[in-house]
Amino acid sequence: MKTTNRAVRTPGGLSVRLDVRAFTVVLLLLVAALAASVVLIGTGDFPIPAADVLRTLFGEGNAGQEFIVNELRLPRVLVGLLVGASLGLGGALFQSISRNPLGSPDVLGLGQGATAGALTMIVLFSGSANQVALGALVGGLVTGLAIYVLAWKRGVHGYRLVLVGIGVSAIVTAVNGYLLTKSDIVDAARAVVWMTGSLDGRDWAQVWPLLGLCAVLVPLVLSNARGLRMMEMGDDVSYALGVRVERVRLLLMVAAVLLTASATAAAGPVSFVALTAPQLARRLTRAPGPNLPASLCMGAALLVVADWLSQRAFGAEQLPVGVVTGVLGGAYLLWLLVTERKAGRI
Amino acid sequence: MRAVGLLLALVMLVLVALASIAIGAKELSLGQVWHGLFEDSGTYGDVVVAERLSRTVLGLLAGAALGLAGAVLQALTRNPLADPGLLGINAGASAAVVTAVTFLGVTSLSGYVWFAFFGAAAVGALVWFLGGSRGATPVRLALAGTAISAALYGYLQAVMIMDDAALGKMRFWTVGSLSAANDSTIRQVLPFLLAGMVLALALSRPLNAMAMGDDTAKALGANLNRTRALSMLAATVLCGAATAACGPIVFVGLMVPHVVRSFTGPDLRWILPYAAILSPVLLLGADVIGRMVARPAELQVGIVTAILGGPAFIYLVRRRRTAQL
Amino acid sequence: MSKNRRSTVNRLSAENVTLAYDQRVIAEQLSVEIPDNSFTVIVGPNACGKSTLLRALSRMLKPSEGRVVLDGQTIQSMPAKKVARTLGLLPQSSIAPDGITVGDLVGRGRYPHQGILRQWSTEDERVVQESMRQTGVAELADRYVDELSGGQRQRVWIAMALAQQTPLLLLDEPTTFLDIQHQIDVLDLCAELHEEQGRTLVAVLHDLNHAARYATHLIALREGRIIAEGAPKDIVTAGLVEEVFGLRCQVIDDPETGTPLVVPAARKARVGAGTGAGKAAATEAS
């Protein structure tokens, strides 16, 4: 296959480089995510046709629809989109930094860390939803920091990062198990639902902080993407090319941890999105490199579609979206392990 | 020298076992322990001793099983970071047991021992196939194991959401504990554990040959495929039985062979017996600690071993040069 | 002789550097001058610190004492991209990302010349084509790097380093893992870059005979100290080889080029000589 790179140049000496295929993939995924969102808004006990959903979104619906769409379902879908995008982007960053298709935040224990924070709130303090979210955020950040510090030894080496993450993950898993045994059965049930990841009952209060964080972090991450691309060729090569390897890595890891932890705080540790979105995105764009924008859009599309599936497939008494991503992700993971093994890349 | 050390290890084991009987929510004197063990007359102290005795015996057996399984897996994969927990074998056993309890109505231990074996064997084979069969690097194996564990724990969670009864039971089982031990538990897993231990110890010689690489082992006349298959069998039987009886316990199988290797050298004929004796020392020690720190309640032994073992694992990772990872 | 040099003469030099990984000291108080427009080759036995020195010169490794000077400035204090436009490095540990094409990989060498709003200029395009042509990989531009042979792949990496367009180029054992004809290929290419384009090249090489044939300036290193430096013709003697490598040998004229050619003494002669070589080996091991 030929490269599909095109350069756009201005007379003033400015130039932008575009991979046409990757650009198309990003656009299509974006359209898919938005279309799925419209369908998802129309789905529920009170179905609304897509045309009405659109009309309502543009402020021309009737009062009943307006309430259902704007107050109940839109924020939930927005949280889904933002969480999916954050997880997709965070996963792509981690996989690129660890140079390993399996080095996603869930495998490295960030999800477990956020869970520990949330469980602490649920079990020890019977905290409110907001306190649980805060606990998850703190838990995720602390875990991310611990992994980075423990993996640091004259720089953070990809494999060491992965293995240290796995060790930290095992410890935190044990702590979570302990918290779960300490709790009474009601708290335990609430904890397990939270641990699966769910978009149930999410409203505007979750949308704004997530949106604010993404508005800061996404541009920051994308502006460092070129350095990350160079780092895929090894630390020495990228250093020789003038990339400040450790600085870029620290910056992007902090961003990835923030993205993952805040997404987890909002929706629980929705499994496998961070692992699968970058891989699927890369297979579509067929481009080397971290494929950050495509992973972001893929994550958003995946999560919204999974949420729609979880509502459609199990009727009114729906399963949390995490169960759907877990089942789909597990199957994909096995396939990934087999193919990556064949290619000798794991 | 190494024989003396083995004797010392045995003495340690006896001491820890006595501590495990004496220490708990009700503190017993050594005299009471003696009374309960050898002059049982049905006093309250004697009943406590009898209860803690079965717990201690299970700890001994499970500890030895996990240590041997870890040592065998590390030798088989030529990988000092191999551990039944990290390789997902525990998760496989857990998932199978949860399935048996929730969907198939199996309630007795004798019923779900078989499921635990099946789960352990299936995941063991899968991890080996995915991560190990061609040049098992630590990262490949650990990732394949962790990824499969993650998938299986997702499944466990889904089951627990749908079924409150399963949640009530499984949330205790999945952390790994010795507290459910009783005589019938022990009788049921004993034959498997003994068979697995004998098999593991018998493998020390062929595994020694394999330590130098497949080609060298072949040149030395070792039967690679048979050794591999028997090693996986031994590890699976040991882990499956231990996990069925106590729930998943991580890191015992990782840490002990490491400590042992530092003073026995690489000879498995010494590593395996040492691991079989020192692993229960660690497991029972962790169990005693778990009973002491949270009195009158207790911290499950699986949690204590993870909290002790996780840092040890990270230390080992950091000590290795990046080229070896 | 190496003590009182001034760093203002040449573009790249190390001044009294102490190089260490964690606690392990590789070299102490080492001073090195890379003559401008030379093809400098660093040789020495395993673990003598030659790769470590190259890493220090290319600012991969920060000296614990002393400094590396590039164009009169301490290299660590210069902006990363500015250094990368002056000094290129071809390290041993490079990874070709999955599914990357030759053209794309070589293009990544333009990174230090680019910015967010200057991602791919006509100049970039021209330099990449030029670099691929010089290294003979232009017709491979659309192939995947994974599909190439070891020799082709090394040429691609060299092309990437060339695209960086630096007057100074450092190469860490560029011939390792290559067949003999590809080794010569790569060295010929280096010589060409040096002679025809006037670039300053610094390479670590394993093969003493290759070094003696291609280098214009040779630095012989042992245990972190410079034993000798200068034109190969002037410094490569049987005595030096024995001192640096602990090997008894004869040095004759290369029948092709007239450069020194090291011929190890026959086994019997070395065993007969007894302790000399053995002692050198023992000191090296310690």
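Chains here go by letter, A, B and C, matching the order in which they are written, and residues are numbered from 1 within each.
Definition applied: a contact is a pair of C-beta atoms (placed from the backbone, for glycine too) under 8 Å apart; a residue touches a chain by one contact, two chains touch by 3 or more.
Every value quoted in this text rests on a predicted model; they were computed, and no experiment measured them.
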Chains in simultaneous contact with subunit A and subunit B: none
Chain closest to the middle, measuring from C-alpha centroids that were averaged per chain: A
Taking each chain's C-alpha mean as its centre, the one farthest from subunit C: B
Approximate Å spacing (C-alpha centroids) for the pair subunit A, subunit B: 35
Distance from subunit C to subunit B - Cα centre to Cα centre, in angstrom: 51
Centroid distance [mean C-alpha coordinates] between subunit C and subunit A, Å: 43
Subunit A - residues contacting subunit B, complex: 100, 102-103, 106-107, 150-151, 153, 157, 159-160, 162-164, 166-171, 173-175, 177-178, 180-181, 185, 188-189, 192-193, 195-196, 271-272, 319-320, 322-323, 326-327, 329-330, 333-334, 337-338, 341, 344, 346
Touching residues on subunit A, where the partner in the complex is subunit C: 2-3, 5, 7, 9, 13-17, 99, 154, 223, 226, 229-230, 232-237, 239-244, 286-289, 345
Touching residues on subunit C, where the partner in the complex is subunit A: 21-22, 58-60, 80-85, 88-101, 103-105, 108-109, 111-112, 114, 116-122, 125, 142, 160-161, 164
Subunit B residues touching subunit A - in the complex, by the definition given at the top: 81, 85-86, 130-131, 134, 138-140, 142-144, 146-148, 150-151, 154-155, 157-158, 160-161, 164, 167-168, 171-172, 174-175, 250-251, 299-300, 302-303, 305-307, 309-311, 313-314, 317-318, 322, 325
